[in-house]
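This is the structure I want to talk about, given as structure tokens.
Chains: A, B and C, in written order; residue numbering restarts at 1 for each.
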Amino acid sequence: MAELRTEEFQVNMGPHHPSTHGVCRLLLTLDGEKIIKVEPYIGYLHRAIEKICENRTYPMCIPILDRFEYVTAMSCNYVFSLAAERLAEIEVPERAEYLRVIMLELNRIASHMIFFGTTVMDIGALTPFLYALREREMIMDLFEMTCGQRLTYNYIRIGGVSRDIPKEFIPKCRETIKTIDEKIEEYKRLLNGNPIWKARTIGIGKLSPELAIAYGASGPILRASGVEYDLRRDDPYSIYDRFDYKIPTYQNGDVYDRYMVRLDEMQESCKIVAQALDGLPEGDIRAKVKPNFKPPEGEVYTRIENSRGEMGVHLISDGTNKPFRLKARGGSFAHLQLLPEISKGCLIADLVAIFASFDVILPEVDR
Amino acid sequence: MTKEELKSYLESNYPELTYSESGKYDLLFIVEAQKLVKTCEKLRDDVKLQFNYLGNISGVDTTENYLTVYQIASISNKLRLDIKVILPHDNPSINSVQSVWPAANWYEREIWELYGIEIHNHDNLTRFLLPDDWDQGHPMRKDWDAPDFIRFPQK
Amino acid sequence: MIATSVTFWLKDLLGSIGLSGDLLTIATYGILAVAVFSLLSVLALFLVWWERKVAGHIQQRFGPMRNGWHGWYQTLMDGLKLLQKEDILVFTRDRMVFFWAPIMCFVAAFAAYIVMPFGEGLIVADLNIGILYIVAITTFTIISLLMAGWGSNNKYALLGGMRSAAQVVSYEVPMVVSILIVVLSAESLSMVKIVEAQGGWIWNWNIFKIPVVGLVAFITYIIAAVAEANRTPFDLPEAEQELVAGFNIEYSGMKFAMFFLAEFINLFTVSAIAVTLFLGGWQGPGPASISFIWFFLKTFAVIFLLMLFRWTYPRLRVDQLMEFAWKFLIPLTFVNLIIAAVMKHFGWYLGN
């Protein structure tokens, strides 16, 4: 009997594909449904943010960096402002630091809500996406109330924040985090007992801690692999040392753990926001910074814990009012290059689940 | 290990590293291009340091030189360090640190593509950010100008 | 009481105005075909609208609201839009296969209704092999999906077509074995006889009549039916997050509408079969003239159940789908069949 011959074939997944979360092209080499090789092709969203920033003054860079990672634009604002402040050694007022923490943590929750919705949708359940967006909407309302924007905030500025929160913010924010905390419990009840959900996520896309560290994985993906590393605690910035929160860590490094880490992180963020609201002092919201901001010569690399891992800005100043060099680093860039390593030998459906669990966002990769 | 301790430890045990004043927040050391990979390996395998995590590599064009800056960290010891390599402006080339940190792969590809710095011993040096048919040089270089790229007048 | 069946009644009526022979047969079945076709088209449109409403309310939104009261003619407008759309044809398609696939899908979906008893006497033809005929004819749907996948000359479509073939071949087995349990109990393949055997009280329905076994058979049938109708959690052939749209990726305009309508008619078919086999078909209190109301009520209840599945469950992976069918569902249904046979032999039935 003649042996059956099989033939590998290539499929272009993307640039326009529902589950690549933007415009990423994955060139899959398939044997039936089994994946032999994945090659990510990026650059479809390349907007030359780094080049443009070299030609703008420091305050003008912030709205451009909003577009660097638009799902957590607060973090983009913050990491750049932090770099500029460290260069110029600016002391930020107490109230501004509290407001920054509140906004950063609210934005982290909003971003993880998107993660939750899209991941569950990629695995086939359409409904939780709308639930997650409903909760995210409440946070968007808070942001709109504060800075008038819902996606690209331009709120955190060099030396402080752009404006104070309105009176109604605090009661509404307390109500929001209380609701979100309850809703996350509801999400857990909705999915964690579902056998199909478990079958699709547990043991899929296992990432060992050694591989994760070697490939520069950070944030929730690193913590899901059992490495307890959170820049908020381990490379402290802002006033995170004043709050009491846990760093959720899981051991298996599969899709399920990456999902659980993020759900737990949302609840921890709720705690931080509640504490920050309690401790919010009165006072200035912005240090005195000249409109024509000129930091002294030097270079600095700041990194913060974003919802997608380490977000960093490498800023070099030559003493003029424009950055000499600005390199933006997003967590997704490292995670996307990890994808081919761990998706070998799995099925197309698993690749979709792994891609979703990495929470890759393409503007952050391409910049 | 605090920043000062790390600085004195590196200065006493790593003669190939020279401290640079321009690093404002984290420590910045300069290393020669030939000794880069060896030093990085040593930093990673040093039990006291364990710089096992590569955060970022940025390329810089200072108009006189090219720089590559490696932002590395130690996850277990919670340390941060920047390592800078100064390359000549003509025919810049450097060895890949992929053997030390596999994460370097894409960062080096990006530097190769946008700055035109040649990377030796890299396993996959292909275009990925720019279009496949790009023939207009290396856009992140300071002397690169596009017809529709408007520079604001320097004040 | 209508004279045994609507077919004979129509035949008498047409015979009384002077038709006879082949002409009479053609006219009778022609009228019935048009009637069933119109009914099903309306039903399919209604189901699309209802599905969107159910989805909307599960997802804390309203669904279609603009066209009429709660958007009741939304799908009609959608259908008109699809009719007007350009029929985009891929240059590299396999012409014959590409053309015939939607037609075959559509026809196969409708052909099952020849033996479907909508109410007492409301049946086009009471074939003595009724249920076997349905099982045979609905399988054509799968061939059409495979044809669509192959004919499109698109890798996603091909993967979708292959998935659907593998899936339906696997799930056909537990489905047929579940049906066999009912056939065993009713001692007939005729749809009408199966329903008539379930007359009387609620415990005469097959789901209760054969204690436990009937319930298990109903559940296995529903699972297999969901897979047969390509709905979540078994909607792998068109899994949009993986294969974009699966087998119908290259279809547009009316050809796509045919697939779409056929999908909803299949949904109604599997639910109607579930009702006929397990839930007593048209049986219910009241005169025979309202029996069709009971049939539709029960069918919509089953459809609602399937809709709840679709909007609340994640999707299975292709190998898990196969494993579930071959390692769990098929052994279970066979054991169930053996128990049912033993029970039949000793007469351990509830009801008559």
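One rule holds for everything that comes next: a residue touches a chain if its C-beta (ideal position, glycine included) is under 8 Å from a C-beta of that chain, and two chains touch if they have at least 3 such contacts.
If you're wondering where the values come from, they're calculated on a predicted model, not measured in any experiment.
Both chain A and chain B are touched by no common chain.
Core chain by CA centroid proximity to the global CA centroid: A. For the pair chain A and chain B, the distance between mean C-alpha positions equals 24 Å.
One simple way to say how far apart two chains are is to compare their mean CA positions; for chain A and chain C this gives 45 Å.
One finds 63 Å separating the Cα centroids of chain B and chain C. Across the interface of their complex, chain A is touched by residues 55, 58-61, 155-156, 159, 163, 232-233, 235, 239-244, 311-320 of chain C. Partner chain C is touched in their complex by these residues of chain A: 9, 11, 17-19, 33, 120-127, 130-131, 134, 191, 194, 196-197, 199-200, 347-350, 352. Looking at the complex, you find that chain A touches chain B at residues 41-43, 46, 48, 50-51, 55-56, 86-87, 89, 213-216, 218, 227, 229, 234-235, 292, 297-303, 310, 312, 314, 316, 320-321, 324-325, 327, 329, 333-334, 336-337, 366.
Within the complex formed with chain A, the residues of chain B that make contact are 22-26, 28, 52-56, 58-62, 69, 71, 73, 75, 78, 80, 82, 101-103, 105-106, 128-131, 139-140, 149, 151-152, 154-155.
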